[in-house]
Every structure is written in C-alpha cells, then in structure tokens.
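One structure is given below, encoded as structure tokens.
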Amino acid sequence: MALITDLIVQGAQMLLVLLLAPLLTGFVRKVKARLLRHQGAPLLQPYRDLLRLSRKEIVVADTASWLFRVAPYLMFSAIWVAAALVPTFALNLVFSWSADLIVIVALLGAARFFLALAGLDVGTSFGGIGASREMMIAPLAEPAMLMIVFTLSLLAGSTQLSSIAAYMSGPDVGIRISVGLSLAGLVIVAIAENARIPVDNPATHLELTMVHEAMVLEYSGRHLAMIEAAASLKLLLYVSLIGAIFVPWGMATADQGIAAYLVGVAVYLGKLAVGGFVLAVFETSVAKMRVFRVPQFLGAALMLGLLGTLLLFVSRNL
Amino acid sequence: MNDPGTLLVWSVLLIPTGAAVLLALIPAYTVTARLNMLASLLTLAAAVGLLWARPPTSPYLIVDDVNVVFIVLNTLVAFTTSVFSASYIAHELETGRLTPVSLRFYHAMYQGLMGAMNLALVANNVGLMWVAVEIATLTTVVMVGIYRTHEALEAAWKYFILGSVGIALALFGTIIVYLGARGVVGEGLNAMAWSELVRHAAAFDPALLNLAFVFLLLGYGTKVGLAPLHAWLPDAHAEGPTPISAVLSGLLLNVALFALLRFRMIMAGNPGTLAPGPLMVTMGLSSLLFAAFMLYRRHDIKRLFAYSSIEHMGIITFAFGMGGPVANFAGLLHMTMHSLTKSAIFFAVGHVAQAKGTQRLADIRGLTHTHPLLGWGLVVGVFAIAGMPPLGVFMSEFLVVSSTFARQPLIAIPLVVGLLVAFAALLLQVSRVAFGEPQGSSEPVHASYGPMVLHLGLVLVAGVYVPAPIVSWFQHVARLLG
Amino acid sequence: MNGLSFDIAHLLAGGLVLVSFMLLYQARMYALLNLFALHAVVLSLSVAWQALIQGAPHLYVTAAIALGFKGLVIPLALHRIVQRLHIHRAIEPVVGIGLTMLAGMGLVALSIGVVLPVTAEAGSLAREDLAFSMAVILLGMLMMVSRHNAVSQVVGFMSLENGLILAATGANGMPLVVEISVAFSILIAFIVIGIFLFRIRERFDTVDLHALDTFRGERR
Amino acid sequence: MSLAGLLWLVAAFLALGALALPVLRLAAGSRLVYAGSLAVSLAALGVAAHHLLFPPGAPETLALPLGIPWLGAHFRLDVLSAFFLVVVNFGAAVTSLYSLGYGQHEPSPRRVLPFLPAFLGGMNLVLLADDAYTFLLAWEFMSVTSWALVMAHHREEGNARAGFVYLTMAAFGTLCLLLAFGLLAGAEGAYAFEQMRARQPGPGLASLVLLLAILGTGSKAGAVPLHAWLPLAHPAAPSQVSALMSGIMTKVALYGLVRIAFDLLDEPQWWWSVAVLVVGGVTSVLGVLYALMQHDLKRLLAYHTVENIGIILIGLGLALAFRAEGAGAAAALALTAALFHVLNHSLFKSLLFFGAGAVLTATGERDMERLGGLIHRMPLTALAFLVGSAAIAALPPLNGFASEWLTFQAILVSPQLTSWSLRFLVPAVGALLALSAALAAACFVKAFGITFLGRPRTAAAAGAHEVDRFSLAAMLGLGALCLLVGLFPAVVIDALAPVTQALVGASLPAQLGRPWLTVVPIAEGRSSYNALLLFLFIAFSTLVTVYAIHRWASHAVRRAAPWDCGWPDPDPATQYTAGSFAQPIRRVFGTVVFAAQERIAMPLPGDPEPARLHVSLRDFIWEGLYEGVARVVGIVADVLNRTQFLTIRRYLSLVFAVLILLLLVLVAWH
C-alpha cells in the first residue's frame, strides 16, 4: 500500500515536471518580453510550439545515422528522469534514494554527451561548432558543481538531495557564508548549463553566437520538439534544485497527508515563479559574453565552490 | 703422478702446451683447426675431471674451491671458441685476411694462450702466477697484431707497452708480498705459495701488504682493464681476430681479476691492513661510469662490446670491493656470467661482421630481418649483458645493487646511474643494429651457431637455477674474500 | 749481517738511484745510452754483492745478465737504432728538465715515506732496498711519461725494470729471481726488436711515438 | 593447490610461446596459438576467480628451488593477487578471442606469437611472486616481452625509438624497485616478502621505500611525468598488444604499488598519501588534456590510460590517507573504488583498443582526420565503441561511472581526516577528478564523433567494411560486460570485500543483501546509488516517450541533404575535424599547459593559395625532463670520448698518476 502511494507520488512528480517545464519557459519569455516593453507571446506558446513541431514531418539529412534519430529520445528521457529525481513538492520520493546529486549531474552529462554526438553525426560545420563549444563549457561547469556538492555534503553529511533539503530546512543550519557562496556558484552553473544569457542565447540564430542551437541545427519535427522539451525540463530542474536546496521549506514528506502535498505543490509553483522572474530580470540586464569569456565566468563558480569548502573547514573549527 | 687429480691438473697444463708445439709444426690449416678443437676438448675433459678429483696442494700448483670453477669455465670457453674460430678463420682465409702461415702461428698461439691461462689459474706460487699472466699477455699481443694491418699493429703495440708496465708493477707488488711473508713463513718457496700466505696472512706486516696491494691493483688492474688503465683494451678487442676478442673479454680479463682476488684474500686475512674495499669500489665505479658513457659514441661494433667489458669488470671489482657474503657471491657469479655472455656476443659479432663485411655500426641495420638467428642471438646476448631477466647477469646485478643500497645508499646511486646509462646505450645501439630497415648484404653466412646458443643457454639457465655445488664453492670463496 | 756489507749494499742501491737521476737529467741521446749502460753496471754490481752476502750463487747469473745484456747488448743496439733512424741528437722533454728533476725528488721522498711505516723486522736492509728500488721504479716511469722520444722511453722502462731486479735480489732467498730477470730480458728484447727492425721502422720512418700514435684507436 | 595449478598454467603460457615458431609452420598456426592462450587464460581465470569468490582462510604459499640459491623462489596466492589475476586473465582471454580474428591480418606473426603468451605468463608470474627476486624477474620479463611486441613492426617509422624509450623507462622503474626492495631486505638480504613483512624499516627508510616504489611502479603504469613512453609504445604495438599493455600491464604495475604500500609497509605516514594524491590528480588531468590534443586514435587511447591511472592513483592515495589515520571503513571505501576502477578500465580500455584495431584493419588508418562516417559501414564496431566511450566517459549507468562515483564518495568522507594539508588537498583533487571526468567526456565525443560519425573523409574510410566475427564477439562481449558490471556494481564490491579486509583491515558492508541491489557505501541517509533502478527508470521513460511520440506525433520522414543553415557543402573537408573540435579546449587549457599557439598564414589578395592555420603545441615534460637528461648524457659522453684519442705516453701518464695517487693515499692513511 505504502509502495503504491509512493509510486503514485513519484509518477505525479514526473508528470508535474513534464507539464510545468514549458510553462516555466513560457513564463520566462513573457517576463523578458514585458521587461523589454514587448507584448510577448502568450504563456502557453511553448506548448503550442511543441505540438506544432510534433505534427510536422521530420527532415533527416541523408548522411545521418541511427544515432541521430536515437539521441533525442535518450537525452529527453535522461533529463526527464533527472528532473524527476529532484525533490519538487515532496521529499523522500520512492526513487530518490536510487540516485544522489552526483548521479543527477552525471545524468545531465549523459544527455549532453549524446546530443553532442548527434551534432557531429550529420557532418556539418555548425553541428561541429556547437558540439565542441558545448563540450568546452561542460568541463568547466562540472568541477564547480562538484565543489558545491562537496560543500553541501560537508554541511548535511550527505549527497542525497532529500537529506540535504531536510538538513537545510532544519534548525541547526544557521547563516553560513559557505551556503551563500555555493548558492552563487550554483546559479552560475545553472545559467551555463541551460545555455542562458550571458553564456549562450537560446533565442538567437546568429551562428557565431550560438552553442546549443548550433548543435541541434539539423533537427526538425518531433525530434526538435523533444529537444526543446528537454531544454525546458533542464531549466525547470535547475530552478527546482536551487529551490530544494536553498529554499527547502514547504515540501511535503511521505507520512503527511494529501493536504501537505497540495501545499507543497503550491509552494513549489511559487518558487518556480520567483526563479523564473529572477532569471528573466538577470537575462535582460546583462549582455551575452564572448565564448572565450565563459571560462572566466565558470572559473569564478569553481572558485566560489572551493572557497565555500575551505571556509566551511575554518568555520567548523573556530 | 700417481693420483688422478695430479694427472688431471698436469694434463690441463700439458695438453695445450703440447698442442701448441704440434700445431706450430703442421701446415694444413683444416687439420690444425680440427686439432685445435680436439686439444681444447681434451683439456675441457681433464678440467671437468678436476671437479671430482683434486690434486694435493703443492708449492707450485693448487686446485681449490677458488679456482676449480674458473678452470672449467676457462677450458669450456676455450673449446667453444675453438669451434667458433674454425668456421671464422675459414671465412678469413677466403677473404684472404689471413694466410695459412699466419694461421699456423695463430693456432699455436691459441693453445699457448690457453696453457698460460690455465697455469695462471692453477698456480699456487704467486710468482708462477705472475709469469703465466705475462706469457698470456705476450701471446695475445702477438695475436692482436696478426692481421698486420696498420691499425692492428698499432693496437698491438699500445697493448704491449701498457701491458709491460702493468707487468712490471704487478711483479713489484709480488716481490713486496714476498718480503712481507719472508719474515713469517721463512725464506724460500713457501713464502710465495699462496696457500701458505693465506694461512699466515694475519701475521704479516700490514704496511707491506698495503704497499703490495697498491702495486698489484695497478699491475693486474691494467690487465683487467679498469679505467683509467684500460686504454689498450678497446683497440686490442677491435683490431684482433674475433675469436681472440672473445677469449680476451671472456677469459683473460677474468684471469687477471682472479689473480687480484688471490691477493685480496691475503689482505682479507690480515686485520691490520688498510681495507682494500674503498680502492676497489672507486676503481670499479670509475670504470663502470666511464665505460657506460663511452658506449654512446662508438662506431665500431667490436669496440662497443670491448667497452661493455670494461663496464662489467668495473661492476665485478665494485662487488668485491663492497665485500660481504652477498656481494662477493654476486661478484663471482658475475665473472662467470660475463665471460659466457660476452664470448657469446663476440661469436655473434664475428659472424655479423663477416656477413655484412664491415664492423661499422652505422652500416649494420635490420639484422633480425636479414639474419634472424644471428640478429636475435645478438639481441639476447646484449640483453643478457645488460642485466635483463631471466638471464644470469640479472641475478648478480640484483644482488649487488640491492645489498649495496641496503648498506651504503650513497654509493649505490652512482652504481645505479652507471647501470642505467650503460643499459640505455647498449639498447640504443642494438635496436639500431638489429631492427629497422635492413642495410648491407643479406646473403646467409655459413656460421657455427652451436657455441653461441650453448653459452646463451647456460646463461639463461643460470638466471633461474644455479647448481648447488657451484653455490657452495662460491659461498666458501665469498667467505674467504671477507 | 755486519755493518760493512750493509753499507756497501746501501751504497750501491743509492748509486742506482743517483744514476736514475742522471738519466732524467740527461738531454743528449748518446750520453743517455751510455748512462743507461752505467745504470746496468751498477745494478749488476749490487746484485753480485747481494749474491755474495746472501751466499746465493744463482744471483750471479742475474748479475751476469744485467751486465752483459743490459750493460752491453742493449746500449749497442740502441746506438745502432739511433744511427740508423737518424734520430736528431737532442731529446725533447715534455716539461722542463728542472721540473722533471723536482718531480723526481718528490718521488724519492714519496717512496721513502711509503716504506717508512714498514716495521724493521722485515729486515732493515730489505727496507732500505725497497725504498731505493721503488725510487728507481718511479723515476723510470717518470722518464717514460716525460719524454716524447721512443728510445728514451725504452730506456726509462729498462731502468724501471732494473729497479725491479734490485728489489727482487734485495729480498733474501726469493725464488724465481733468475727466471724473472730472464723473462724481463726477453720482454725488453721484444720491445727493442719491435722498435728496431720489426714493424715500426718498416712502416714509419721515425720511432717518435707521435707517428706511432697517428692511429688513436677509432677513426672519428 | 590452486597456486600450483596457476604455476602450471604460467608454464603452459611459456611453453606456448616457445612452441609458437614451429607451430606457425602450419596453415592455421596463429589460430592454434591464440586458441591455446585463450584456453590457458580461461583456466587461469577460473582458478583465480574461484579463489577470489570463495577465499580460503589463509593465503597459499609455495617455494621452489629456483632463483636465488639460498632463498629459493617463493610464490603466494592471496585475495589481492587473486583479484588482479582475474583482471589479467580475463583481459588475456578476451584478447586471445579477439586475436583469433584480428591476428589473421598480422603481417609478421613470427614477431608476435612467440612473445604474446610469454608476456601473459610473465604478468601472471608477477602477481604470484612472493620474493623480491622472483617479482623483479617476472616484472622485467614482462617488460622485455612487451618490448619485443612493440618492436614487432620494427620497420615502421619511429617504432624503434618508441621501443627504446619504453625499455629504458622500464629499466629505470625496475632499478627503483630494486633499490626499494634492497632497503626492505636489509644488508643480510632477506628477500622473501614474508621476511620483509617481519622486519619493518624505520619511518624514514619506509618513506624512501615508498617514494622509490611510486617511481618504479609509476614509470610502468604511466604516471606523469614518467608517462612519456606510454603514448609512444602502446600505439606502436599491434592493437591486441596495445589492449594488453594499456588495459592489463599498467594494472600489474599498480598491483606492485598496492603490494608494497599496503602489504609490505606496515606503518604508513600520512604524507605518503599527499605524494600519491598529487601525482594522481596531475596525472589524470594532464593525461586527458594530452589525449584531447591527439588525432591518432590509438595514441589518444594511450593518453587516456594515463588519465585513468591517475584516477586509480587518487583512490589509492585516499586509501593510504585513511589507513594512516586509522579510518578503516573510509580506507576500505577508497581502496574498493580504486580496485573497482582497475577492473573497469581493463574492460573498456581493451574494448576501445579492439575498436581502434578494427578500424585499423578496416581502413588502414589510425589518423582520425582521415576517417569518419564509419558508423554506416561498421555498425556493430561503432556500437561497441560507443558503449566503451560512454563507459570511459563515466556516464551512468555504465561501469566507469560506478567506480568514479565510489571515488567521489571517498573524497566526500575526507572531512574525517585530521591532517590539515590533506583536508585542503583532497577537495582540490576532487575538483581535478571532476575536471578530468568532464574532459574525458569531451574527448570521447571527439574520438567517437570524428571517427565514426559525419561523412567519410577519405576513400579508405568510405570503403571500410565490418570486421570478422571473432573480433566482433570480443568487442560486443566486452560492451555487454561494461553494462552488466555497471548495473550490478554490488557484486564486484562484495567480491572486493576480502581484499580490502586483508589490506586495510576493514571492508564495505555487504551490498548484495540490500533491496533492489542498491549500493550504499556508508549509510542509507548519506549516499546511495542504484544503477539497476536508474536503468529501468530511464528505459521505462524512454519507452513511454517512444510510445507517446509514435502514438500521437506524425510519422512522416523525409531524407534530404543536410540543412547546415542553408549552405550545405558536399566536400567532407568542411566537417569539423579532430583539431577543430579540440580548439576551444586548446584555447582554454592548452595556452598554459602546452603553450599552444595558433598562427593563420593568410595569402596576399589575389593569391590562390589557401589560408593555413598553424597550431604549435609544446610538451614541456618531454622537453624539460627527457631531452634534458639526454642532453646531459650526450655532453658527458662527448667529453669522455676524448680519452679514446690520446697518445700512449698520455695513457702511461694516467697509469702513473693513479699510482702516485694511491701511494699518496697510503702515506696519508699511515
């Protein structure tokens, strides 16, 4: 019985993230548009896009191999699973203990791996440029991410998101400089991973400025739909990750009743809205940087992570 | 002459001498070549007999744990070399580098050399030993010059002059030893009989012994080819006939070193003496390092291996200088392994030089492709000499290095450096010679591979298993060496 | 052993060292050869004296060899070589004569210093003899390395070897002395022959070792 | 009993090598030899696996009257050697299987077949040796035989040099180990490992021993800066040999380190781990950076071996640190991670080298710039290579990720350490580890993408064909194994428990008993990883996606020319190349590490010349260390060589000088 409910909750989260992801993207776009004094597309536009794409026929380059057609499914499901493993509105989901934060990062890495391969598959220069730049950004982002994980696990004594969230919501965390540092680092990593301004511009089609878009240039139809969906899932994932770690309040636990779950969902929606708004504001207020400025940007994240760790040692021993 | 031991030891001495006379008389070289082999085989048989039946010690002759192994080794290599030499000189006659006349001379001298070396090994009287070494030197001088080429004669002359000085110094050392012994043992023969000297060593005047050892170290050290007394050695090896190079490296150096060991034992028997260890260690290290670096700039394949002989004599001297049961055992083992391996290498080199018609390293390439057996034989030989397992030298080097490092880490460093430098040099040269795009003629050479294969086989076995009696003899000698 | 015989032996040995010094000093070829003959004569005297006081008749043989072979035959042979090969008269030393003499002094001092710690029971005569013979040997070697000219190098080697004979005869009752002296005579004969009519002259018109060393081992 | 059996199998290997030449006279000679080595290695694998899974109470020992006379040759089979025996012999078996097909393309089998079984025998012997002499004998024998294999294609450009560098470095390592053993054995020569365990050197000497051991084993395993031989030698050898050397032999070298540092040395110092950790971190990052700069497929793989050695060294270093501080469980975790990675790397590195060999036979090319599009012509090889790439890039749920995850867990428990320098060092090492992992992913996107994807760059690549069934069987089998080991890491972890128990006196809690086979290294609440569940999860969601797409989305597919932003260019030269793929990373890291410089030679206007991009990289380790040493040796050799050309008089003066010197010494001594 308990298992059944657990599975139901887990499934609910999977559906939830899947359904909310395009909405978040749409929300961000809307806010950005408004900040730029545009009318902006309606909130539900991303859903419409996905539907339209999935109805179109797909054009596959004749030099493409089976990998080209398999990659979107793989990356989509990998990111979907990763997103489903991050606590959103409830803690201690049934599958959450099958993977900790490191695994989630690795899952995203897997998705990137296959997408980059797909970019190289057709054998065009744009695919190559996208793949190689994507693969430059990742090695810079992952150490920073690990440093953040390190800091958190030092604090919470765990790499399990549920445990971390429980600890952060607990009484004995207090205000720590390390937490702030890792938050800043995580934000930078999230921006880079989601190909947002200033690292990358999801809206552009000016070839030299794009990374992610160049990589998926050859995709069309339902494949493209899946890739878009995966992208917005990833954004959602990071927002909810930040939420779960740094604003861990209002999340339901297994033993509480259905009401708690509803509260959790409401709080979660709030978090998403705030996150999306902040992101939109940030994106509109900065300009995209040159590709080879990105290393410094991410290096800063790494420094923040290391600093957090070391400060933690100090503060612990003072 | 009644007991077998005496008979055997005399035959070890007389067979070569008689053969020498006989060979000097017979003109037909095919016959003499076979006779040479036969005589060497008989000597070997007699020597092997000595393993079981030893003669009673006389003031002149002695067969004991110290020399029995080396007598057998000496005669064995003498025999295999004679086999190799038979096929070698055949080719030399075809090419006309040797005339039948000079060949008669060659064979006679060969047996004479063997007799002299055996005498040096079995001599109990240190004066007699000195005489034997001198004769051996003179015979080799003549044989080095046998090609009568400009270079050969000059090499022989260099060898002759330096050797004579060495002889003189060694003699002076011997005289001083006698002076020291005279007061204790009493005047006359016994005062020069090694067995007596060792027994009474403790009572000698240490100052005299020290003085003697200095002269002996230089005198016999010149023969051993320790740097910087080595100058004659590379040219003598390079310019003489290859069988002589094999015998020089394989045997004569050993014999000279053996003479030095006899006196080392006397020194070890006397507590008051200045420990000869440091002297030998220094000489050994200098030879090792010097030769190791000299290996790099060589252009002549025989000279290359001549320098490697200097290197190994250095290692052996070093081992005896370190002393102690392990190092001394290693030294003795290394002497044996080196003479087997180095002669095998020279067998290969001789045929290679004949096949390619040159001794220039630069003109010999891709040997394993053109002459597989020769090429791989050379490779295996070089690996053996470089101390690669599972070949015998590896064991002795293992023992030397490890025991040295445990006792004197700082001394072990230059030793290891020298070994590594020498290894790299040999590997560099051999991988050029044996591999890569073939150069030079590739028609098969009619060679006798038996000796080479036999030697390398023995070395291979020794790396894995050393027979118990040899071990016990060596251990006894190691104790005597202190 | 009574004082007088000791003194005489001492005198003769010292005389040998003196002659070695004169050899070192000498700069003219013929005079050098004559001096070497003198060297041999002094040696034979000392050997003969040793034979007398030791009552070892076989040493007379050695004395005779020294006198006949090294006192007469070899010097004459060398005379002929010098004539035959037109060796210019002067001997060019590597370093100045004076310096060489100085080095010689140092060598004598060294040999005495080395022998000093030898305890007297080895026989004082033996001890002194040892010192003197070692001095002669070292001086001989010095001569070999300080002369460019092959003949004078041979002379140096022979004086070295005289020192050996002196030491050998000085050691009472040493066996094989005669054999050794014979062996050495043969050795010297080889050298002289080698220089004289054997390869050297045939191939080089001078015995100056520069010519002999044109070949310095491996060609570059 | 099983020890004796293993020794017989070693003998069988050697006999196989000895018989190879006569057997090769037969038509199917090479097949026979490979089949023989397959059988022997399978037997050895069985024996070793049995000993590992059902360990008897005490290790088996055996002494033969060989080797050093008064000592004899000692052999020992304990769980540690059993584990490495499993790794070695499994690799040997797979390689033999692969060679059944691949070996047919060998141009000079007479230079390969005699040495390959001997090489395998030597590696087995190293793992069984229980005294210094036997160990070093087998160790160096392994080097020599593998050198002979490197020289198999001796007429190819640069192979002789590769062999020279390789064997010289091997000799250097052996001498270092020899010195280490000399210290352990002491002056009286207690060479048996049993005696060494009994008599421990003082802390100072022990540290010296450890440093020498790191030098000795590191030079064989390819730890920076002693790695230079590896990228030269591994590509030079035939591919199945490259697989053995990269996948197996380096592990045997690490076995030597583990044996000395964890077994022979008793009281570890905490700073030993600093040495190992620094070496490991630097090795892992530099290795992968070097790899990214390569365009020779086999050399790239060789450099990746360097990287993985670094990862394993990090694990070992952590284990040393925890052991020194007496944190048994953590030490067990780190050691398990390291050994697990040993197994994994042997699996996927063999697989990748097999793939490279397949590409080589199919196209005759090793240069990625001349390949491409092979996935169309060699689909199965491509699939296997893809799995291997994903595994070495540490993607879940494959095996590479499992071991790296464990390593990260070990890093995350480092706050237990009391030493400050370690506390600060370990996070940095962790960052390096993450960096190298991410770079590895980039590198294998490049390796697989440039080689197998895109359009063929040469006719050879276009005309490629799938390889024979033996090779495919070996590769696909390894690929399946990579997945299985990744899905069930608990099995391996439990198998490693006795090993860690024996070495650090503790072991991870048993994993197999847990629900859903979850891996929980320390505690439920702390961290857990369930590859199986994750895999099912992903599979499920993928199926759901696929179903949904095919249920509701359109099925229309149109094949057309690539879009490429409207300017598709048929010339395959317009694709991204290996060099251009690595360009961003080269700009970011290379400018510092390799002093990378890019120069564009732009032709004058009207000049039909194409513009050229010149990229210059410098290998500072090679230039500084190796060429420096070579220069010094050369100078000394030149100086000393003058003594070859003196006159006789000068030689005499030398003798005279030595004489005077010795006499003076004598005087001084009195």
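Going in written order, the chains are labelled A, B, C and D, and every chain counts its residues from 1.
In this text, a residue touches a chain if its C-beta (ideal position, glycine included) is under 8 Å from a C-beta of that chain, and two chains touch if they have at least 3 such contacts.
Just so we're clear, the structure is a prediction, and the values are computed from it rather than from any experiment.
Common neighbours of chain C and chain D (chains touching each): B. No other pair of chains shares as many C-beta contacts as A-D. For the pair chain A and chain D, the distance between mean C-alpha positions equals 35 Å.
Taking the mean of the C-alpha atoms as each chain's centre, chain A and chain B sit 78 Å apart.
Chain B and chain D have Cα centroids separated by 44 Å. Work out the mean CA point of chain B and of chain C, and you get 31 Å between them. Residue numbers of chain C whose C-beta contacts span two or more other chains: 114, 117, 141, 144, 212-213, 217-218, 220.
Those residues of chain A in touch with two or more other chains do not exist in this structure.
The set of chain B residues touching two or more other chains comprises 157, 161, 165, 207, 211, 234.
Contacts between chains, counted with the stated touch criterion, involve the pairs A-D, B-C, B-D, C-D.
Contacts from chain C toward chain D in the complex involve residues 94, 107, 110-111, 113-114, 116-117, 138, 141-142, 144-145, 147-148, 153, 209-210, 212-213, 216-218, 220.
Per the touch definition, chain D reaches chain B in the complex via residues 65-70, 132-133, 136-138, 140-141, 144, 151, 154-155, 159-160, 163-164, 167-168, 171-172, 175, 178-179, 181-183, 185-189, 191, 633-634, 636-638, 640-641, 643-644, 646, 648, 651-652, 654-655, 658-659, 662-663, 665-666, 669-670.
On chain A, the positions that touch chain D within their shared complex are 14, 54-63, 65-67, 73-74, 76-78, 80-81, 84, 95, 97-100, 102-103, 106-107, 109-110, 112-113, 116-117, 120-129, 131-133, 135-136, 138-143, 145-147, 149-150, 153-154, 157-160, 163, 207, 217-218, 220-222, 225-226, 291-292, 295, 302, 305-306, 309-310, 313.
Contacts from chain B toward chain D in the complex involve residues 157-158, 161-162, 165-166, 169, 207, 210-211, 214-215, 217-218, 222, 228-229, 231-232, 234, 274, 279, 290, 293-294, 296-297, 324, 326, 366, 368-369, 383, 386, 388-390, 394-395, 398-399, 401-407, 409, 412, 416, 419-421, 423-424, 427-428, 431-432, 435-437, 463-466, 468, 471, 475. Those residues of chain C whose C-beta lies close enough to touch chain B in the complex are 114-115, 117-119, 121-123, 126, 130, 133-134, 137, 141, 144, 157, 160-161, 163-164, 167-168, 171-176, 179-180, 183-184, 187, 190-191, 194, 199-200, 203, 212-215, 217-220.
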